[in-house]
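For reference, the structures are reproduced in the following blocks.
Both complexes shown next keep chain A, but they swap its partner, so chain B is in the first and chain C is in the second.
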Partner chain A sequence: MSDRLRAFSGQIIAVGVALLLGAIIIILVGESPVHVLMTLLRGAFGDQEKIAGTLLQTTPILICGVAACIGLRGGMFNVGIEGQLFLGGFAAAWVGFTFSLPAGIHTLAALALAVVAGAAWVAIPAFFRARYNTNEVVSTILSNYIAVLLTSYFTIFLFKRPGGWSETPPILATAYLPEIFAFSRLNWGLVIGLLLAVGVALIFRYTSWGYGVTMVGSAPKFAEYGGVDVKRQGFVVLLLSGAVGGLAGGVETLGVHHRFMEGFAPGFGFDGLIAALLANGSPVATIVTALFFGALRSGSLLLEVDTSASREIITVIQALIILSVSAQVLIKRRGDSQAGERRWKF
Partner chain B sequence: MEILDKLINVALIAATLRTTAPILLVALGGSFTTKAGIFNIGLEGQMLAGAFFAVIGSIWTGSAFAGVACGVAAALAFALAFAVLVVTFRANEVVVGLALNILAGGTTISLMKAIFGTRGSIVGHGIVGLPKVQIPGAQALLGSWAPLISGFTPIVYIAFIAVPLLVLFYKRTQLGLYIRVVGEKPEAAEALGISITRVRYIASLLCGLLAGLAGAHLSLGYITMFTENMSSGRGFMAVAILIFSNGDPLKVLAGCLLFGFADAFSLRLQTFGFPSYLVLTVPYVVALTALFALSYRARPKVIRETLASMQKLLSVDRNSAPVDKNPQ
Partner chain C sequence: MSNAPGSPPLLSTAAMAVELTGITKRFGAFIANDGIDLAVRRGEIHAIIGENGAGKTTLMNILFGLLQPDEGSIRLNGEATVVADPAAAIKAGLGMVHQHFKLVPSLSVADNVFLGMEVRRHGLIDHAAQIARTQELSKRFGLHVDATERVGLLSVGIEQRIEILKVLVRGARTIILDEPTAVLTPQESRELFQTLRSFVAEGMTVIFISHHLEEVMEVSDTVTVLRNGRKVATRPTSELNKDELVRMMVGREVSFDRRPRAALHGDIVLDVKDLWARDDRRLPAVRGASFAVRSGEVVGIAGVAGNGQTELAEVLSGLRPASHGAAWLKGQDLTTLSPAAIRQAGLAHVPGDRMVRGVDRNASIAANTLMGRQHRAPWSQNGVLDWKAIAQNAGALIKSFDIRAQGAGDAVKRLSGGNIQKVVLAREFTNGADFLLIDQPTRGVDIGAQEAIHDEIMRQRAAGQAILLISVQLDELAALADRILVMFNGRIMGEVAGDDADEDRIGMMMAGVSQQLEPA
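And then the complex of A and B:
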């Protein structure tokens, strides 16, 4: 327990160091860090609409974060969540505006196709990773670019809304993910994300399959001697990770935009990966880190209005957080060698 | 035949050389880290920082070459941060590389907003582009083929000259040999008293140098502007090339020419009315296909060959080195 506490406090210190560096950069671009921080807080938690807005931004980051967690647990870097998100989003929209089904079933069908699309998109990189050990980081990153261009092509050349710019026709109301409150677009996608995070955590904790995945991620040789089919498992892990990434896109389409449009959710996939890394691959901890990044994103909208700083300043802060978290291994290693070792050497 | 003439001609080959240059430079930079045993996914960010600060430097000083120096300095700063975190702090190279890429994207956009008050791109503001080098006598010698060797920016020449230089560097210099030993057999390097830390730092900084040049080429070469994320995945394509070329300069060149050609060719296709979105995917599809197609090839052979040549070199280099004298 004290190890865990130490790891947690290490994470907090790392975030603190990153915020300090972020403050320096904010001063460099000619703003006051205090003003920026207050604006961020006001933009993220100012009133109940703002809080709902924060939760709205948290949802896709959380689901993408769970997708990344599944990969990280199994020792796989799925950097292609962004692309899976785009394809899942488009697939859900396609079901939404093409078919007419009863309410509820329509939503489920659209989400199901989003899941399939996400899994299908990662299937080729996953196959080559499992079979020929092809580096999955590079192949999934490159496939992101293709996914974004491909969905743009679908949207603008094949399914453009008549009279619209770069968006598909709206989906039917039967496919909507219902909203929770009247005053916000916040929808049941958040509940899906929370259930998913807890569910995946339980699977990793209590099933032998989950134990095998964690084993492959932390000690592949040991897992292999223990009778785990490492190759097949790597394939399945990436496929599941991609499926959840596709689900994130489906939730975003059915819950928020109600159509697919070009560049509909930029950066959620990467935010999710960062949230998962900061949570050290734990789905439940990802709920907290996703909320943190959701608040940053939501607050940054006001930042653009109220200060001269760009909203991209928050991506700078996120990157600094990850860098300082990655560096703290040294601090831990100094004292004890064993306890300081993490599952993924950050 | 007429269509073929329109598609493939001297201008296309010249365009291929132009589009090959930035990816070649960044891939050759990555060759240092690859050979030193570091997986450097941060190339993209180094290149982007190089492109941005090259433009800034060019505006501030009014000189393209000072701009290039600024770009290289920025890329070196990112390379240094990478080395500190990965080599000294032993952090995960994928995490650090990705985070530095995100940092480069966020920093350049934030600074663009802070300095120019705009989003999207920097155009005008007195950006000075790189001059084109006219080789004297090229026109007389080659006639209509002259554009193949003359009229490029200096960075294009640097990129192609760097290939044979790197071959010699790895084969003939002590540092080149050390980099390879550190990458292939770190234990052996340690036994020989080579400082792995120092060699990896040097490799990372050499990488930053070339990545910065590549970035400067993007923003000061043929178009003089900076746009958000203008490296658009070239750094990642370079990493793909490095994976299947194992960092060997000649193979890197071959891979980069393939991408340069795909790039230039896809731009041509666009003028023939193919949907631009699909055409733009061509370089990425080529990169992925090459990565997948070449990844099934067996690696052990490559490693055996490198080890054999290294043993030979080591025994020549220092006779007291503990080299396995057994023939086979």
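And then the complex of A and C:
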């Protein structure tokens, strides 16, 4: 257990360093870090509506984070969650406004197609990875741009709501994900996310399949030696990761927007990936890190009202977190490296 | 660019081109070089020989400034020098030809040779001058390279000559070649040796890394032998024979007593027929191996590391494809099966690189003992793992294999090398397999654990398992094996009965001298 503690202490130090640097920047723009922090906290957790708002922002980050965790466990870096989210979102909306089905079944059908869309979209990079050993980081990043523009094309040219903005017709109420409280758009998507995080953690821990995949991620040569089909599991893991990415889009569409809009969920896929990295690839810890990023997002709304800092300061802090988390990983690996050791000497 | 070999060398009267004193280099806990002294006389061909992992390349990387030593000092041409990086080494007149070439395929030979130090005329590259210079050097040292050819069209042998030209053009007077013959045909190797001799004839110095005895005997003036990161000796080549060299390379630290045994004549479990396989460079590494292993028998494979043993083990465990031939394990041809199917067919494998293949260092002992049986009862039921049973089983293994750990939850990386190996043995020997493939079971393991591991192997033999034991330690094979096969250059050179394992005969075969006297 002390190993796990040590792993997380590195992450916590990384976040601390990032917040410290953020504080310095806030001072440089002539604002008080304490004031900004208090405003952020108030904006995120000030009253029940604010808390619900934070949880609403947390939901897609959490689901995307779980998607990233699945990939990371199996040694696959799925950076295409953003794209899978967009396609999943569109697929769910299409089921929502095209078919008329009984309530509940309609929702499930829409979510199912979102899952299929996400998986199908990542299948292309996953295939090239398994067959030709293409670097999945590059191919999944690139697939994001295609996905975002493809859904824009669908929305503007094929399914545009007559007279409306760049958005599809609204989905039928039968396909909605029900809201939990009357005072907020917070919906059952959060519950889906929480169940998913716990479920995925259990699968990795308690199934034979999860054991093999975890070994592929942490010691691929050992897994290969032990008879795990490393290529095949890599493919499966990417597919599942993409499926959950698609689900995130479906949940966002059915729970919040009730239609597909161009650029409907900016950056949730990337925030999810960062949350997963910050959580060391643990789905349960991702609940906490996703909440952290959700709070930053929702708290920042109040920032421009009550302080002289721009809400972009949140983006800056996020960038600092990415930098310090990656630096922390490099520093940790420095001890392990042999041939590459010169690379980290400055 | 005046310091080319045509111009007068940096005049120095020092007799030693290179002097390394007390060089030590550690990578974490692993000591790659341990207090190595090396003196290379000006104008000699100095071979550095040792098994894979003996520290040859690390030492040369330190000399060339690619690595910094933790301790020790370097003198070049009699002057104390800090070789901070390769640029400093080049400036001091050193040149290195690496195992892996770094050439631009789309450029011509001359452009590659002058890459980064182009000859300029009116601000433009003077191709004519570069070509002329390349041709001249090529002719002078018998390299036979057409300077105008595109590199992408040339063979590996020619690429190596281009790398040598690059080194020459940069003014090297001392040239380091890291395993230069590994990629060459015998004919090309002979031509390379001619070139090396022409270098020393011009007063240059050559340092030549190899693990092939024949070529070291053929081309070098002086030999330095490294073993396990230490220098064993530096001797004039003329005073040595191959047999002595093998002994210095392989060493004899521990002497094991031959284990008593009852003769068991079981059925053939593994039957290997004319097996061929390529290494990672796509060169043949196993060349037509044929042998059989019976149940209740330990068959040893001896040989200097790097003569195809690793590749043989990888083919038998499904981790490397065979290019030809077959290996029958109880009637199933392993060369057609996946690693999982081979395990199913009855293989247990103790891999040579146990830290990479044998365990997940970050995982617990329990998780490590699960590998390969995660789909089987009682460890799992309908795909769901029973961690309680797994931990209990791991606890029992810790006890019966005397693994020094606090418990099944301990991370493997906290254990010593010997105990990590015991974790591997505990897992593999309790898999119910009939054929045990055991590769370097005691490398890097302390004496106490070595004894325990040998005991365990003999217990498996007594239980009727068929065992193929690959080891670079002759004593280990002499202690355990019923028969010893000697591998050299991918071939099985001959066989010796374990009861009268004669080190001289085995040594000769390890050096590549085949035994015609074998009784048929």
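Worth pointing out:
Criterion: the second predicted complex is superposed on the first by the 324 of 346 C-alpha atoms of A that agree within 3 Å, B and C clash if a C-alpha of one lies under 4 Å from a C-alpha of the other, contacts with A are read in each partner's own complex, and residues count from 1 in each chain.
The rule we apply is simple: contacts are C-beta pairs under 8 Å (C-beta built on N, C-alpha and C of every residue); 3 or more make two chains touch, one makes a residue touch a chain.
Only a predicted model underlies this, so the values are computations on that prediction, with no experimental measurement involved.
Ranked by how many residues of chain A each touches, chain B and chain C are led by B.
When the shared chain is aligned, no partner comes close enough to touch A:179: not chain B, not chain C. In the superposition on chain A, A:306 contacts neither chain B nor chain C. Shared-chain residue A:212: touches chain C; no touch with chain B.
Of the two partner chains, chain C is the only one that A:228 touches; chain B does not reach it. Contacts of A:149 after superposition: chain B is touched, whereas chain C is not reached. Touched by chain B in one complex and by chain C in the other is not one residue of chain A.
Within the complex formed with chain B, the residues of chain A that make contact are 25, 28-30, 77, 79, 124, 128, 131-135, 137-139, 141-143, 145-146, 149-150, 152-153, 156-157, 270, 273-274, 277, 308-310, 312-316, 318-320, 322-323, 326-327, 329-330, 333, 344-346. Within the complex formed with chain C, the residues of chain A that make contact are 3, 205-209, 211-212, 215, 218-219, 221-229, 335-336, 338, 341-342.
The part of chain C that touches chain A in the complex is made up of residues 27-28, 30, 66-67, 317, 319, 338-343, 349, 351, 356-363, 367, 370-372, 374-375, 380, 383-385, 387, 411. By the touch criterion stated above, chain B contacts chain A in their complex at residues 39, 41, 81, 85, 88-92, 94-96, 98-100, 102-103, 105-107, 109-114, 117, 119, 232-233, 236-237, 239-240, 243, 275, 277-278, 280-281, 284-285, 287-288, 291-292, 295-296.
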